[in-house]
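Read from first to last, the chains carry the letters A, B, C and D; within each, the first residue is number 1.
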């Protein structure tokens, strides 16, 4: 029935499954990872076909996962590509795209006392295939802060400070090797200070001093990320969005920019 | 069929409709209000009845709304009580409870330049009826901030600052007259500073100075709200929860307390 | 300080305030409306300026609201345009965009018993200005359902049914007069059946019979909306996304398409 | 400073960290698990102390995680208990509670074609300690469906069907051994049909036939879970909440009940 002509013969751009939660295993640079991501897998649909065979989309995901248990993929984008390749053998399409959204937890040391701390980042990996060519878009969501330089100047050294979250997305060729950890670094260096899950008093003093030495608007943070990303990652379309959760307002302030490297 | 004996004859505590979005009109102290709340309306269900007649629950809401268009109720709890009274005439129950969650927008003046600003608060109004007796629970969710006194001491005057949100709930007799605006005031005075949608430079300087003069842990804010609420509102069970969105961490800190007045 | 040269002289595409909750009054075709929307207001920022004067963005919103109390605007896009016009007199920009997201509640009659019911729709109004020219994008989010035709065929008349939500967006010239109510109609007629807040038994039977007479995949719904929107609204870019919350799966299925009229 | 007397000397019930995302490893019945949960860790605070030493709370979490990398804990509640024990050595409290919320993915076979499918469940593990005694509360959130028996009777075999989600919580002694998988089974058997990530046509027909053979109100589902849980789990306080996302309405219907076993 899915292959019947529909009443309205309109090409559809994206048809598929979304909000599918599953488990994904990878092995990246010798370290094993287990993720429980949310997945969207969509294909284009010709105006002459009534529907996609949705179960084949899900099957391409579950069969890839089954293989991974034995043979771990190298990265989340390798998992995405494997799923699209499998799907191309069972369901016709011109364009397909898989989006994998999950959390990456990285162990760190606190800045002064050197204790172990676990830092969590939102990550998104999109792999698309069009006419057999693969591309990808990688995103990291990183929590930091802003410190208002204008209030600091007007009060002679005081300011309002708040949590901020920045999103860095890189769109590029599939084989352009990029570490999510490097993307996180690009974002963290652009905040007045990086943040940590654990801070002992000595660490906390260090972070507060760093914030006051380094006041930044949300615009400054976005530009700092754009600048660092352009220098570090080549042949990418770069998109940045930073949202500052103002401590003196109920609303947020935002700055977005993009660049090509 | 809803009145048939069910297979498992178990009394149920709360059965009804939830996440119902609608429109509610009130007239409180001479000012007209229009709300678009989310409503939950639940009743208890005897073990001998298979189901509630859900459409009668919805009808008690829509018929009350229809009446309000002509004759505005005095407050959201009056609307809630009117709905429960109507329901008691069409559906048997021992206990019933309606929850109305919405936003209250209050016009203010900025602290120094005196410009108009609109401030938004989350509000919740619960009205319950048990054996014919009405009670209520009123909640306000208010955005403010915390300023760490410990970091301020250790750095000699600097600190980390962040947005915080406090929730004040009062449970009391139905006829205990309480203004949501007074509840908001109780919360706002307990923060290092209140916040505003609009702040010109002069206002911003005033707020930042106020924050630094008044550093508070999340525990201090919760205790300040408890103390003010106990003095202001009589014969209430008081519950307070404050969440501080730390600017030096990815996680939040929280303090909860309760009291009886 | 906002007018100083920044360290990284990069043009930013969108700088401003977001997640600002306020109150907005309109009068559309003789009926008065009160909304409590979430607003985003952003402008582009030249690489030579360090920051936007955020308070002027908020002021353009609050001053417009103050005027509306006396003189109600005709529609949400009129409110948006008034805010952008006001802002153009106080802050330099080439491009500006305001997004107003809120709920529209429309009274209806149930299909068979003719009782009053209140139906709620998510709506979004974006107004943009570039080099003095205004455009707009209107969105409605409408809840309905899907009924699987494939399962119906295979089981000889049974099927799985589920709630679905469709999003219709129209991008067009500012002066292309479009009723949000007409957009809602375009979406509702494309579902197996429209839904209601209140349904008495007779109404419920009618809706269930209608669903079974009219089975549709999520792809059918998206195409039905595209087709109706193209016929009804001229000179628009049309975007449709429908998400079906499968009752036989934990995940959702989705279909997206677009057209130009 | 945290040990100073506060201005308002009020005991606080729960003070601590919340929304902390981290990684947790366990080994349960021979199978290794990796979770990336959200954690809340709170203690009571004496009216004579101004604040909790928040970093010690975080440290008790991160040090436990560090140990787990070498020596995996047997279950999420073992992890929770280990954290509370560690904390009791570094920070004074009378009561403490840790909440661990995450996703559990269980591999399954589709009902007819026997293909591998991955099923995801929301799980919550709370461990509390009061005067040295440990207790726990385990929660599973399971997606299923409801099929209206009333509409089926009135239409002679048709009905409205929709996704539903049920929450089963068990409160009990810490050493009452309970498998989350068994809790999931208790919930799944109470729905008209269980659901799967993957369903080939033959499986889908089986599920749809099962739904129609087994129509249930949201009240029936809640009672079915209560009944099964009481038989299966001894010496527990049992709480159940089921929410049905109606396909004929914009709102949900809900049924809650509790029992003691």
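Everything that follows uses one rule, which is that contacts are C-beta pairs under 8 Å (C-beta built on N, C-alpha and C of every residue); 3 or more make two chains touch, one makes a residue touch a chain.
Computed from a prediction, not measured in an experiment: that's the story for all the values here.
A.B. asks: Counting hops between chains that touch, how far apart are chain A and chain C?
C.D. replies: Minimal hop count between chain A and chain C: 1.
A.B. asks: Would you mind reporting the rotation angle for the C-alpha fit of chain B onto chain D, rounded to the nearest 5 degrees?
C.D. replies: In short, 180 degrees.
A.B. asks: From chain B, which chain is the farthest off, judged by mean CA positions?
C.D. replies: A
A.B. asks: Please report how many Å separate the Cα centroid of chain B from that of chain C, as a whole number.
C.D. replies: Chain centres of chain B and chain C, defined by C-alpha means, are spaced 28 Å apart.
A.B. asks: Roughly how many whole angstrom separate the Cα centroids of chain C and chain D?
C.D. replies: Those two chain centres are 35 Å apart.
A.B. asks: Mark out which residues of chain D touch at least two other chains, giving numbers and ranges.
C.D. replies: Only 20-21, 58, 120, 150, 197, 199, 201, 204, 250-251 qualify.
A.B. asks: Can the chain contact pattern be summarised as a line, a ring, a star, a complete graph, or none of these (other)?
C.D. replies: complete
A.B. asks: Report the residues of chain A in contact with chain C in the complex, numbered from low to high.
C.D. replies: Spelled out, the residues of chain A in touch with chain C are 1-2, 6-8, 10-21, 40, 42, 45, 50-52, 54, 58, 149-150, 153, 217-220, 222-224, 226-227, 243, 250-259.
A.B. asks: How about chain C: which of its residues touch chain B in the complex?
C.D. replies: Contact set of chain C toward chain B: 20-23, 34-36, 55, 58-59, 62-63, 65-66, 102-103, 105, 115-118, 120, 197-201, 204.
A.B. asks: In the complex of these two chains, what residues of chain D are touching chain C?
C.D. replies: 119-120, 143, 145, 150-151, 154-155, 157-163, 193, 195-197, 199, 201, 204-205, 207-209, 211-212, 245-251
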